[in-house]
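For reference, chains read A, B, C and D in written order, and residue numbers begin at 1 within each chain.
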């Protein structure tokens, strides 16, 4: 299977090399990065390794958005509220100085202890949270701040009020707004990239994943409950739909994998932050010279190319 | 301490959403019909007005001027990028769905005219794997946007979907941003999208292109929810309002523009096509 | 006083003639209209006449937005909802065909009987109503539809929930959005143009008033309660702050007065609609040839010029 | 039948908003101070932290680098376009206000630097006719936007206002769209506005420029409401929540970004000026 996996990645490399894209430097940087990723991959993750990613992505000590913010940003100012009905604590937004430039940041935020978890609704945004994020996107666009988003959400919230407040529409419109922005957008999945809740803030020019994060269309438990009619079969489900970073890279869904400290990000948050910061900076450096129109066009073209069919 | 978000739930006294019975037995009033009777009535119960699920080709026939529909991208077929296997292989499920429905996928797209107004149609079929959105549905919808943009006509989208297609894993999630970008390209080309949500329009489809219509209408009683009532109930143990997630609740909460009974849909869409049409500007 | 009033209007005419504006035809049309207005005015309204305007503007049989829509529009489609939390029945929005073109319409809507009045909150919008209006503005902009707004609101709603849902911010942002639109906007006050609730949807290229409508910064009763410490002195307050159309025209706050049938719009709704339709059509005809950028620039410049100081 | 808009009111247990006592007596803890004591403490009660109203010039001195403030449009004065007369003529009220406050109007604008960061200041003074906004306040704010745009610096607005100035009738309502357009012109010039709302920021000022800040902060306990509690109570007979309209409630409902105590305001604004500054892009 390793060979097969490598083959596909090589195929993707070959395809990329053949594309006649604008911006030769950017493309070669892209290729170089893929090359590096390829070298890192010895074999496709086994079912056990995939499940380990699920566990690490959900680890209770895993660094959350604000843990990275405090390590990577200077002059951070957290902003609040959707200017409508609420300030959703499951979504953190703000502006800060990152590597010499002002950026706008949107991040999902889980809680560390019971009290904070409740306050932050276990990281699951309400529609008000997506609207808060959209307000930040507008601010970023107005002032030309690059936009960073850190994704770490178990999924959209399965609650009555979330539906009544328009969860589906809010997720759709958040994506639509991202597809219209003229500023560079970089997303990194730093834990759980759960379904609609994740994609709401992940329509980016570059999408990264930390090595032990997962990106899923449905939680393993949810998938198991539907297809195996038994939520306990989550491990089987995960093995079947392969939410790990390596598979996401192989499928062309993400652009690169951000390494974590040996044993997972929680074993050394400072080092995890350093590695994440480096990846975000590299991505921004690449994107910032690109004109707004081209950014937007390329971003849309990239997402419109995703999918496998005959 | 109260939560920062007002999560008080509004309850209303309205009839139960329909349950499950024989396909041609009305779940609302128990009347039973032959196929041809329902076909003649646009699959609306002549007795009580309940809207049965309508197949994609029947829907197209009910809207498009006779002989005007010209299908596009009919030969697109799903692949199995994950070698997905649950209790059965994905490829087997696909083959069975095609056999059962006579359709290559859960969406049919093509050029059409409605009462003389040119448009593009993108119509989902719930019978094909629950109208789930995988790579082919995403691609077809995307091409429908381009076809509409190129010909300078509005897009009429008619959805019926249980959500993303799990068997394509993360690629099915990627159909959300993909279709969103397609609608935005359509809008940049100056063309509108009219979104008709039918029962059920949920999860990934609700959270992407279906919610981006310039005008959004629903059929009566349609379930329009990101998360369906069963999962909400199981996860949160909340007492569900009687009309939880239905079109009527969505209208009350400001998420859709109107509820249009099926017999009136063609006239309603025609009027919109005229208003958004080339003479409308 | 009549002479004085005429003098001021003549001064305004003279000033307009002296301005070196872009679009000579438009300007001369403007002048011609003012000339006609001037001829119509024999004397400034007396205190009694002002109060009569207040009474007619609030008359229970006065035509409301939907009464005009049904008389003036073909192919009308009413749209609903703010795509957030509610569908505010105090604000009616939709698209329809008006004199051969598709337009977007926003209108305040009072109720005719007790049940409808309650449903429509006596015409007083919640923040959700302004957001519903903003959604229509975005739709108009996206498709290049001219925007009409009919203003008929006693005032912003003095309720707790309206405050909690962000009434002040919603009114501000609705105006801000109007100042950004590239499509022609025509507003007519058709009854009560009450304070923030009115201005929320009245930042237009042309602002008209029906002859017996009023446009106020505060209700006469509210003003009397504050300045005279007695709401019963409303008549005195109205005489003092002069909310009638003639005074608004004189102050440069509106562009022209739309005549009503003798005795008020309610005496002949068909004729009132005909006269309103004519005025709206004339205004659109003037505005439609103007490029989007110039429209926006001129609109802002016009509102930025309002005020009297030394 | 429930209303279409969820008008359920959220109540919270928080202290009463301050009432009215001697100006130098703390309404929250009853401590009494001399002017110079309060001046030294930025007009914040040293005992309990209550924020007293701060005069415009004092505010400017507390924020701007020493000697950096250069006032603009100081000579603008209100006229009396309506010959307005209630119990007294408007002109008399104006003269009295100028006498009492030493200010020509309820807003002071000018160029300044805060910790070395260039900016424009627009500061309201509640002592001048309740900080009401008439033609001069509108024009001054509008000029402040232009001055900021021309010099390429951010605008810092500090509001304290009972609303529009009734004595200028409809012209005072027109200051809402006027100031809104000024902010939009500022934004088009690429410059931000930082809005600091102090007690009270209500009605016309809340419903126009004050709500358009890229960042909006408030002082603790400030009343920020379109309609104040007394009028709401009288009109609707609703039971008011304890923190009705206060900054704390506004933060909870998502209308403002932060509550910043006065002693921290300068550092907070400085940080924002750095982030929005020319090196920030």
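Criterion: a residue touches a chain if its C-beta (ideal position, glycine included) is under 8 Å from a C-beta of that chain, and two chains touch if they have at least 3 such contacts.
Since the model is a prediction, treat every value here as computed from it, not as a measurement.
*Asks:* Using the touch definition from the top, how many steps at minimum link subunit A to subunit D?
*Replies:* Counted as steps through touching chains, the separation is 1.
*Asks:* Spelling it out: a chain qualifies if it touches subunit A and also touches subunit B; which chains qualify?
*Replies:* Chains that touch both subunit A and subunit B, as defined above, are C, D.
*Asks:* Quick check for the class: compute each chain's Cα centroid; which one is farthest from the centroid of subunit C?
*Replies:* A
*Asks:* If you tally the C-beta contacts, which comes out ahead, C-D or B-C?
*Replies:* If we tally the C-beta pairs in contact for C-D and B-C, the bigger total goes to C-D.
*Asks:* Please work out the Cα centroid separation of subunit A and subunit C, and write it as a whole number of Å.
*Replies:* 47
*Asks:* Counting in whole Å, what is the centre-to-centre distance of subunit C and subunit D, each centre being its mean C-alpha position?
*Replies:* From the centre of subunit C to the centre of subunit D is 28 Å.
*Asks:* In whole angstrom, what separates the CA-based centres of subunit B and subunit C?
*Replies:* 40
*Asks:* For subunit A, write out the residues touching at least two other chains, lowest number first.
*Replies:* 83-88, 128, 164-166, 169, 173 - these are the residues of subunit A that touch more than one other chain.
*Asks:* Counting only residues that touch at least two other chains, what does the list for subunit D look like?
*Replies:* 4, 6, 8, 10, 252-255, in rising order.
*Asks:* Once you've mapped the touching chain pairs, tell me: line, ring, star, complete or other?
*Replies:* Its topology is that of a complete graph.
*Asks:* Which residues of subunit B touch subunit A once you look at their complex with the stated criterion?
*Replies:* Interface residues on subunit B, with respect to subunit A: 4-10, 76-79, 81-82, 84-87, 134-136, 138-139, 142, 164, 166-178, 180-185, 202-204, 206-212, 224-227, 231-232, 235-236, 238, 240-241, 244-245, 249, 253-255.
*Asks:* Could you list, by residue number, the parts of subunit A that touch subunit C in their complex?
*Replies:* 83-85, 127, 131, 164-166, 169, 173
*Asks:* Within the complex, which stretch of subunit D touches subunit B?
*Replies:* Going by the criterion above, the answer is residues 2, 4, 6, 8, 10, 12, 252.
*Asks:* What does subunit C use to touch subunit B in their complex?
*Replies:* 75, 77-88, 95-97, 101-102, 128, 132, 139, 142-145
*Asks:* Where on subunit D is subunit A touching in the complex?
*Replies:* 187, 190, 192, 214-215, 251-258, 268, 271-272, 274-276, 280-281
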